[in-house]
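Two complexes follow with chain A in common, the first pairing it with chain B and the second with chain C.
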Partner chain A sequence: MKILVPIKRVVDYNVKVRVRRDGGGVETAGVKMSMNPFDEIAVEEALRLREKGVASEILTVSIGVPQAADTLRTALAMGADRAILVQSEESPEPLAVAKILKILVDREKPDLVILGKQAIDDDMNATGQMLAGLLDWPQATFASRVEKTADGLAVTREVDGGSETLALALPAIVTADLRLNEPRYAALPNIMKARKKPLETIAATDLGIDLTRRLAILSMAEPPARKAGIKVGSVAELVEKLRNEAKVI
Partner chain B sequence: MTALVLLDAEDGTIPQTSRSAIAAAASLGDIDVLVTGGPDTIAAAAASAAKIPGIRKVRTASGEAFAHGLAEPLAALLVALAPDYDHIVAAATAIGKSTLPRAAALLDVQVIPDVMEIRDSQTFVRPVFAGNVLVTLRSSDAKKLLTIRTASFDPVAAEGGAAPIEALTPPDGQQKSRFVSAEHSSTERPQLEAARVIVSGGRGLQSAEGFKILEPLADRLGAAIGASRVAVDSGFVPNDYQVGQTGKIVAPDLYIACGISGAIQHLAGMKDSKVIVAINKDEEAPIFQVADYGLVGDLFQIVPALTAALG
Partner chain C sequence: MSQRDIMEFDVVIVGGGPAGLAAAIRLKQLMPDESVCLIEKGSEIGAHIVSGAVIEPRALDELLPDWRNRDAPLDTPVTREEMYLLTERKAFRIPALPWVMPHLANHGNFVVSLGDVCRWLATQAEAMGVEIYPGFAGADVLIENGRVAGILTGDMGITRDGTKGPNFAPGMELRGKYTLFAEGCRGSLTKRVMAHFNLRQGVDPQTYGLGIKEVWEIPAELHEPGLVLHSFGWPLDDRTYGGAWLYHFGRNLVSYGFVTGLDYANPWLSPYDEMQRTKLHPVYHKYFEGGRRLIYGARALSEGGLQSLPRLTFPGGALIGDAAGFLNTPKIKGTHTAMKSGMLAAEAIAAAHAADAPEPDTFTDRLQVSWLHQELSAARNIRPAFARWGTLRGALYAGIDAAILRGRAPWTLHFHHADHETLRPAASCPPPAYPRPDGTITFDKLSSVFLSNTNHVEDQPTHLRLRDPALWKPLNWDTYRAPEIRYCPAAVYEVADAETAPRLVINAQNCVHCKTCDIKDPPQNIDWYTPEGGGGPNYPGGM
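Presenting the complex of A and B:
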């Protein structure tokens, strides 16, 4: 089985983002960038499927600025076999990303695409579902467990009231939730080896996809800060405040 | 203008989250609702939906394919109905979040997830970067598909209307995914998204056994129980207890955070609560920066004392 894992370069999850003065975006100058954490989980799951003998080849793809090549090298160091960078000036919206990925799926013919359930920058939670729609493939979002079965996949998903298991025919789309696995760190020798693994670069503009945003950003702002309240000295004081001041009990 | 709201009606009832989605759509013109489900639940679900005030019409689609809220048949159905509507709306629940992006791609539309404010028919506010930034977007798509951050909209009433019900013939489709089984956390408590009071626990509870200390307090307050990501990852409670950026987004009247340090991703899920109480032994914990009332100390003494004091 061949697995495609799309990954995104995002502001590191430890960074407290700041809105730019012009309100058109967030400060990225000098900010640490990393692989989207859910995408690391997706890469890890592909590696585990290969270690179980289910997968034979793992291809990873990123769409974005030239520095996204660093993110792809991280995936290669974790163990992916080869990488494609679809270079574009800005980060396209999920619909455009899904259209680009569809072109790559048509070319590479993977049996399974595993994506992170959402990117922690735009929090859209859409690309996997949109790609599944464009390909007319079955989808299992928010996966916490993926098992190969005789005729496809059994995927356990995190849903509102607990979890549920779906059976999917292949080819299929799976999006990774937090508890699917704990991603490995790339060991130094593997980081060295990753430099020699194949990384192909394609210009997004050569793919014939319209990358124009459908959602114009009118403004970005930090939400009104919640101001800290008071410290109370005892349980009795807390109960008194909740009853008589906040009136919530 | 006309909006279609997809309801989560698979168990035969209409949850509060779906009624919040209807409330959000109220500014978008006439509202039809779409109720789907298996043959056993559809009649009850349709009858419940028809009682919601302000609905023009209840449209129903029933069959085994719709019994478990699978995204593929639901998205195909939304695409078939799309020509009648300017907006298609759903609560940002597991079903809404799975289905609307898929339908949007089929309609060549960029979905707009987690909408927390509707400025006008094409302008929407949504959180990014774990709720640390709010972005105002204007959609240039002819049709708009939205999921609604339900904590941002007070639900419409459950009773008082009498909308007509129209049964649809869903489009035929090849089923490439199939429901196998569900493991639902059984609880007598209110759902997190619908609770007026939430008692939530984190790392400070130390174990699954320790977490049980929250139950008498929650019983006393009629509260739902939530948890931080650490508490879920450590196996103290099941994953559907998680409040935060990647869990449930809640905004109860009262949120009591016990032994929760207040990581950014947790705050993203609860900082719109009306009143926040923090109980933590670390007086430097970031949770105190958003708490209205903080109490520093050992939660294993404070929580039972608080439970007793409320008696």
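Presenting the complex of A and C:
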């Protein structure tokens, strides 16, 4: 089985993001960038399927600025076999991403695509679903467990109030949730080896996809600063304030 | 035990600051075919770099003479500088600065983000073939047959109780014919190497400072790129060494910070609160109004200078940069000295390698005849004068030493105490009255730590350990009232149940790797170990 894992380069989850002075977006200049954590989980799941003998090849792809190659190298260091960078000036919207991925799926013919359920920068949670729609493949989103069965996959997914298990025929789309696994550390010798693994670069404009943005950001603002708290003297006072000032009870 | 992987190099460098990177570049210039591996505990190069910084390009001119054509991030030349002696409400500007404080003649220097400079140096080094691995911490030193044979990187995925977690990955041996320790001030491996080879024998104790820094974005109309302000005096008393800086650089950015000499005596003193309240002085306050704070960080620095320099070499390697203590304190600069020390050590290693000698001992001789030694020698009496006579008389001596004696005094002043020996019992000292943070110019500690982007994988053993937990109550608490909760700039230390049964809580997650606790703890009971690689602050560009 061949697995395709699309990954996104995002602002590192440790970084406290701040809105640019012009309000047009989040400051990314000089900010540490890393692989989207849900995508790391997707890479890890692909690696585990290979270790179980289910998968034979893992291809990873990223769409974005040239520095996204560093993110691909991280996936290669974790254990992916080869990488494709679809280079564009900025990170396209989910629909354009899904269209680009469809072209790559048609070219590479993977049996399974595992994506992170969403990227932590815009929290869109759309690419996997859109890709499934474009390909007309079955999809299992928010996966917390993936098992190979005789005729496809059994995927446990997190739903409100519990979990459900789906049976999917391959080829299929799976999007990874937080509890699916705990990604491994890239070991130093593997980081060295990753530098020699194949990384192909394609220009997004060569794929004939319309990358024009359809969404406009009207404004972006930081949450208001938290107001100072007060100490209450008694339970009665607390109840009184909750009822009459906060009006929550 | 899982088998540890082993990788062999000609030179292993621990630490990706200016010293380690300059050494790496010089090594590749001298020995292009030899392998050089550099590890850095930060998640990326620059992630753990804190400095003012006004840097003197002298070492860089020697290392990469064409740096101006290589897109180096040195783009704010110093245009104007002022030094103030502060009282609570007034500020006295030191006249004729280049004459009375020639160390501070900053003409030709640059205001930079040292983190950005290091990121740039790393790209230069990588282009020359240096292998750079951020996210890997040096956990131990390999010493075999009396010789340093390399280092051990830290295990990853060890859980809090010390067992192997599901994603456990053993550390590996990075073996080098030579190992350079470039960990910066109070390096944890440097500490072990110094002890093993007895490198501090016969030298003065090292004395340190704690630098706490913020980067602000200020309104364009207040911004004067290249303006460099320094002050000493208020809010510190005459017996406490330290002062503040404010540098304008980049696009509407200012670097503000405060250094407190860690030989301070009053256990109630809080370097963090001194730093915060100094912002309220009229000299500084005007620049912060309407601005917003972007980044916060802290790091200890070595202030002892020449008298406190240990023996620099040992079989299998050398100490460079602030790990050895090359900072020029009166100049308030350590970048050019760190880089130069790395370059000299690299030259000594090339010579030793050619002769197949185990110890790069020509480093010391090369240092003796270099401008670095000259510079440190001329500066050597100033910091100890402050330690001996206090701020005002120390400053007077410094003026005489610099302007009249020109650093050539026939005597050398010494440091008599290590910083952990200088605290007085809490009961005999008045607690300073620090103002409450106002939330716009001054802030509480936790909201500051938030802006360092520090993070440690939660489920790991604490990297700050007490050698003997029983010592804490009778000594740290009963005598000094837990000075660690005040000197730590990251709210790592906290006392629980202070009224009933006081005990120390260590929030190692908050640590910004400044090393102050390892330095200042009175019984030297706290040991700072490297946490899992990639942990610690994530200082962004501009820091």
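Heads up, the rule we're going with is that the second predicted complex is superposed on the first by the 229 of 249 C-alpha atoms of A that agree within 3 Å, B and C clash if a C-alpha of one lies under 4 Å from a C-alpha of the other, contacts with A are read in each partner's own complex, and residues count from 1 in each chain.
Throughout what follows, contacts are C-beta pairs under 8 Å (C-beta built on N, C-alpha and C of every residue); 3 or more make two chains touch, one makes a residue touch a chain.
On a predicted model such as this, the values are computed, not experimentally measured, just so you know.
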| item | value |
| --- | --- |
| Touching partner for A:D12 - first (chain B), second (chain C), both, neither | second |
| Touched partner set for A:R21, first chain B, second chain C, both or neither | second |
| Broader residue contact with chain A after superposition on the shared chain, chain B or chain C | B |
| Contacts of A:P189 with chain B and chain C, given as first, second, both or neither | second |
| Which of chain B and chain C A:T165 touches, first, second, both or neither | first |
| First, second, both or neither for A:L215, with chain B first and chain C second | first |
| Contacts of A:G133 with chain B and chain C, given as first, second, both or neither | first |
| First (chain B), second (chain C), both or neither touched by A:G30 | second |
| Set of chain A residues, in rising order, touched by both chain B and chain C | 16, 228 |
| Chain B contact footprint on chain A (complex, rising order) | 11, 13, 16-17, 19, 26, 93-95, 98, 117-118, 120-127, 129-134, 137-142, 144, 154, 157-169, 172, 177-179, 213-223, 226, 228-232, 234-236, 238-239, 241-242, 246, 248-249 |
| Complex interface listing, chain C residues touching chain A | 5, 7, 43-44, 47, 116, 131, 133, 136, 153, 156-157, 166-167, 169, 172, 174, 217, 294, 439, 450-451, 453-455, 538, 540-542 |
| Contact footprint of chain C on chain A as seen in their complex | 12, 14-16, 18, 21, 29-32, 182-185, 187-189, 191-192, 225, 228 |
| Contact set on chain B toward chain A in their complex | 68, 70-72, 75, 93-95, 97-106, 108-114, 123, 127-141, 176-185, 191, 197, 221, 229, 232-233, 238-240, 245-246, 248, 253-254, 264-265, 271, 274-277, 283, 288-296, 302, 305-306, 309-310 |
